[in-house]
Amino acid sequence: QFEGVHDDFVAQGGENEGLGGSEGASADDGATGGDGTESTGGGGDDASGGGGGGGGGGNDNGNAGNGDTTGVTADTITIGIHAPLTGAAPLKQESFATGKDLYWQYGNGGKPVEIHGRTVETVFADDQYRPSTARQVCQTMAEEQQAFALIGAGGTDQIQACAQYAASEDVPYLSTGVTETGMGSLDTYFAASMTYKQQTPMLADYIKNELGVTDASKVAAVVTNTPNFDDAVEGFTGSFDGVDVFRPDKNERGSSAAGNLCTGTVKNYDVVFVLTSPTFYLEMAAASGCRPQFVGVGVSMGIDQVASTGCSAAGSTEGARFFNPTPAFADAGEYDPDFLAAVDAAGIEADDVTWMMWGQSKVLHQMLEQAGEALDRGAFMDAVAGQKFSTGVFPDLNYSDGPFGATQVSVLRNVCDGGGHYETDFAFVNGF
Amino acid sequence: MATATMVLTRVKVQRRFGLALRVTVVLALLVLAALPLLLGGDVWAQRISRAAIYAVIGLSINTLTGHAGQISLGHQAFVGIGAFAAAFMASRLGAPLGFGLAAAGVAGAFTAVVIGLVALRVTGLYLALVTLAFGLTAETTIFNWREFTGGGAGAFAPRPAVLASDHAFALLCLGVLGLVLYLDWRIVSTKTGRALAAVRNNERIASTLGVNVTGYKLAAFSLSGLIAGLAGGLFAHWNQIVQAMDFEFQVALVWVLMTVVGGLRSRLGVILASAFFALLPLTLPNFLSSLPWQPPFLNEAVYHVLPPFIVVVMLLVVLRFFPGGFGQLLRPATDWLAGKRKQ
Amino acid sequence: MKRRQLLKVEGLMLRFGGLQVLNDLSLSVREGQIVGLIGPNGAGKTSCFNCLTGIYQPQGGRVFFDGRDVSHLPTHRRARLGMARTWQNLGVIDALTVTENVMLAQHQRAGYSALAGMLGLAGTWHRERELRRDAAEIIEYFGLEAVADERTGELPYGVRKTCDMAMALASDPKMLLLDEPASGLSPEEALGLADTLRELRDRLKLTILMIEHHVPLVAEVCDYVYVLNFGELLTEGEPAAIQRHPEVIAAYLGGTAEPTEPPEWPLQPEGAPHGTA
Amino acid sequence: MGAFLALGLFQGAVYGLLAVGIVLVYKAKRVFNFAQGEFGGVAAFTAFAIVVGAGLPYWVGVVGGLAAAVAMGLIVERVIVRPLESSSRTIMLVALVGVALFTIAIIVLLGQPIPRVMPPLISGGGVNILGAGILPQQLILMAVLAVLAAAMAWFFKTDMGLAVLASSQDTRAAQVVGISPVAVSRLVWGMAALLGGIAGLLYAPVGIFTPGFMTLTMLVPAFAAAVLGGMTSLPGAFIGGLAIGVVQNLGIYYLGQQLKVPGAAELGVFALLMLVLLIRPQGLLGKEA
Amino acid sequence: MALLEVENLRAGYGSVPVLHGVSLNVEEGSNAVLLGLNGAGKSTTLMTLAGLLPATGGEIRYDGKPLTGSPGARVRAGIVLVPEGRLVFPALTVKQNLRLGAWTIRRDARRVRRNLQEVYQIFPRLEERADQTAGTLSGGEQQMLAIGRGMMSSPRLLLIDEASLGLSPKLTEQVFAAVKLINQRGVTVLMVEQNAGVLAQADTAFVMQQGRVTITGSGSETLADDVVRAAYLGV
């Protein structure tokens, strides 16, 4: 079943490579603008790219602008990114420092990407893994630092808070790893990956079919107590009836949950689904005397830093599997050689965060391209809604039915050998 | 005789001139302070609101610690309860803002009185510990109570249409700050202030002078809680989303240090210090990144660590060199403005 | 002429752990009298004051003030009935100025509620001005106007002592309880105190109960004296008689008493530890 | 249930270790040392830098970590405690809170706020105690706590310990008999820092650690442990620590798991603290000195 | 040669000078008394001698050599102060208090034991109360403890500040008797007193006035001086 999906992907990969090639070509031409847009549209020959053709059409129609050109000048577009660098899910600062501009500066065959004659600049803010801080920094980026659009790089509650703000001020917002709660109605919001509600039934199938655990009493879910994860829990328990669910608080310590996992003779879970902050997960993993199989969905669990920390804690996260929007960084070259080329050109030390941001930027690039030369926020939203995008790094996106356009995930496995990182088990699958 | 008259007139003229000068200076300072609000756009309006809210919090701590001499290391709990109460009123019950703020104040006051009842039995260092433990418990228990606070996602506190603009909201915050300032001023200049001074210094002496020590302590707790809750309500609507982690117990520590740095019982000092620490995390990153030379190991991640770092450095300097805080540093200027002269 | 009893104490019992500080102590003070309370260190004099004012809760006995049983009233309520006291180790608030201290002492007669003051209701401003004027008057009476705006903590001991006395008066009391008012004063100052006390009694119709070790002052000014020893009443009477009382000489005055049996260490602590009350 | 009990007991060992340091400072100085946790933080991060960062042998890390903690203790004594000796205890407390926040800020500035893993003294799987996997490191921790609590109790019986007690009661009198209050002060803070450092070094390898890991989650339970034990009693700190750990985990089990009360661990500690302070303020084994 | 020679000693608190040039000599083995009104600077003198206050001028010679150094060093040299207000360690037992008195010689266990025996001999009361906390002792007992603690480090010069403060006349007599005994065992004593009784047994008396020694004489001479009697002894 999976093989087929994989084959499917490889077929698409050809298309993706074609896309990369066409970009390269456009760079060679030194001509952007209409031609560049058409290269996306070029995928329209394939079934999956049909929407792209439509997009091309939309572009021709000219998108309905609203005159809000905040962040857009004659030759630049400013993008704001927020992510936790501190708090319970701290990501490495350097990864963002190097990653946020990599695509925009080197994504065009080692040269800066141009979109209708404009280059892209980025601003970045630490949201401290707190929704309220996220809202503040999003306001600052959108209003003071004049970001045209915002990107949420991780953290569901923060993404929700920032998206709410963005919607109230009509600022385009793109993110990965999300809840559906309260997001479907936000008309400036676009998800770049599957939602948790979409992923968790898949995860349940994965546990049953791939890990071979069908006894619900051997499965536990540890999911942070936020309403934004309720849909994830529902999705999971809906497909896996009878699993034990623990809902620790957002600021609870992981060691307090360890007692749940290894209650000796009474209960010993084989598989534990975690949807919490990385520090909680790592602590829980380190403090539990037993070694269950950790699985999950969500961006921050899948990052290599978590894997490597988990591995040094007595190998406690060895073998954990996580659904991720992108394939593993370790295999980046296989899915987008341009990435490695850009990294070389930039002369930086890349990691999986850089890789994620690369993919997100790539998605945004296509969106901006689609919006046309007369860029404003209205035109952007208009151009994205109802369109399809395909990058080969992120899953293919189809926004014809609303803001949740993804249907594929990749499965990463925590490998402790050689420092602790993730490897790709499956790339771009639709189910198990 | 004639010379005497002349001297007198000159003194009078000088006095009058001095008064005019002082009024001018005060007005100029106020205008200067208002400039960001007028010219700074929404972002600065939000910052001014935040500064005002912090100042209200500082004055709330000042009421309890400065006037009544009761230490609280869990003040963030009172503010947080106010914030969640306001958010609850606004988002769950759809109540008008006024009710929300009232509920916030009442919730803060109620919680503070409960802690105040404990404070009657334990003193000094133990009270510090109790309030700290309470703050921690509030953070993890009350603020994570999902029905009330929305769990990890936080609670939303939308603003009513009239106050939807950040400028209007800033004016509301400044208004509340003005009100609290007035209260504080009246406290110190009436018997209440003197009674609290006695309670703070020597409870036995206070009681033999007819001061109801228990009553005044509880009153100080409830007033402080009321103001803190009110500040919390404003905070909720300021950010429009409130979350348990906004009220971590470290926040209370920073607030206490901030108030001490400002100078206990110095209104101006407390306001300045509070405003400073309110704006620091918002303005520091952009300020630092605009510097021509970037200090080493400064990165995005440390920006939110820097404020406590700075507050502590200031605290240690203050404690060692001018224990009266900003207030003491500003004393000559404020004395001049108030028209006091040295004998 | 028999005047009415303003203060009456019956069977006061006070224990701290195993230490019997006051044992069945009874005494009374008539209106307009100056009464002395003397006795060796640690006899329980200050503790007695603490029981009268409600600082200590005695295990037994009752206190009547102004015809009312105040045994169970908290300290501030007794103060409001008109009991004012000074402290052996001073009852001024060091952090406040002399004026502020005196105005603090006016607390109970401020005439407005704390809430009204806080809100700045109309009457309070006027009343504050009046209080300030009264305070200035009292300060002038005690000759403190030169230091009115200085913090008491920075003043010499004698001046602070005077401020303490001014505060006791500022509360407009019926009765003054003075704990060693002459200690720390020079001989002349101590004698001046005698005049002040008489004037207070005669002009302001105050009743005074005074603890004092300065025997000449007690002899000079007191109408009646109680002698306390080990928490019990040793004797009572006119000052002149007391000074001749052999047991008082033996237990307290010392000096001229002929040597009695070989000295024995007392079983109960003699000296009060530092900082009592 | 059994697992929670065991986890609580061993979690409590850390509280106990911190509480021993807190009690030491309180006995000697009548001060609540809010910086006690960060002595451990400094030791752990220094040791981490030496062992993992620089790749030097483990014992170098241990020595370096403890040295860093003691150095911090002496600096705190010289720069904060001594100049503030004459100010109120509340001010001192606020200053020590400041020290803790300051240290955390420094650690974040120098390192990053990311979680780290310190290798344990003895690696290897956990021992099953009542169904909970208890790491060898935690067993060591428990043993060290017992030894240190006993050693500190013994210390206060020695002349040196008496001198420490004496100068806490009356500095002037201590000087009169020839004790140097400054030397005593240094000794106390050095020892407290050493105790804190040991706690940090032993606890960091249990799970992961982040800046402020000793202060943010452990200090309040440790204080509760000290208060429960009577604030001045070293056996009390030992028992109090274990008791708080157990109460915390029973709280998680009963309140959190059964009744779904959020923040059950903190609630349990707070409730116990209030109970002690309101009903038996002198704690379990408390007496003066 | 005098054991203690003080010449023109100046000292004070902060910037406030209290001693304006104190000069006095105390012979080895003698029993000297320092008199003066409240605030004359008697306690200040003793504290400066014990090293608790820095001297701002003048010279102290002890055993012929200039005396400087920390309080601890002076205790080791044999100068021990029995401070005003007793200053025992209230929460420690009598025995622990005495043990701390021997702080500077704590390594010489035999001497500590011998001194303890001696103190118990002079003050049998302390042996009875050995395990009682000092804070619960009576004032007189505390005064004995303070003196006994001073004896524990085998002093050569004992500085006693108002031993009779707060004691009844009977207690005062007993304490003075003990001091006499100590003096007879060869310890030089300089005591501050306001009690006339002590003058009779004193070898030397100094009268202090506003930070200076204004009268020096033998004990009995001074006692006979009417001016001194009236002004300083309140007799």
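In order of appearance the chains are A, B, C, D and E, and numbering begins at 1 in each one.
The rule we apply is simple: contacts are C-beta pairs under 8 Å (C-beta built on N, C-alpha and C of every residue); 3 or more make two chains touch, one makes a residue touch a chain.
Remember, predicted model here, so these are calculated numbers, not experimental data.
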item: Contact-graph separation of chain D and chain E, given in steps at minimum; value: 1
item: Farthest chain relative to chain E (centres taken as mean CA coordinates); value: A
item: Chains linked by the largest number of contacting C-beta pairs; value: B-D
item: Chain located farthest away, centre of chain C as origin (C-alpha); value: A
item: Chain centre separation in whole Å, for chain C relative to chain A (CA means); value: 79
item: Approximate Å spacing (C-alpha centroids) for the pair chain A, chain D; value: 41
item: Separation of chain B from chain D, taking each centre as the mean of its C-alpha atoms, in whole Å; value: 32
item: Two or more partner chains touched - positions in chain A; value: 85-87, 90, 93, 225, 249, 252
item: In chain D, residues with contacts to at least two other chains; value: 108, 112-113, 262-263, 265
item: For chain B, residues that touch 2 or more chains besides their own; value: 139-140, 144, 146, 299, 301, 305
item: Chain B - residues contacting chain C, complex; value: 182-183, 186-187, 189-192, 194-195, 197-198, 201-202, 204-214, 216, 219, 343
item: Chain C residues touching chain B - in the complex, by the definition given at the top; value: 53-55, 74-76, 79-80, 83-85, 87, 91-96, 100, 103-108, 110, 112, 114, 117-120, 124, 128, 131, 149, 167, 171, 277
item: Complex contacts: residues of chain E adjacent to chain D; value: 50, 52, 70-72, 74-76, 80-81, 83, 87-92, 96, 99-101, 103-104, 106, 133, 149, 153
item: Touching residues (chain side chain D, partner chain A) in the complex; value: 1-4, 7, 11, 108, 112-117, 119-120, 123, 125-126, 128, 130-135, 206-208, 210, 217, 249, 252-253, 256-257, 260, 262-263, 265
item: Residues of chain D that touch chain E when the two form their complex; value: 159, 162-163, 165-166, 169-170, 172-180, 288-289
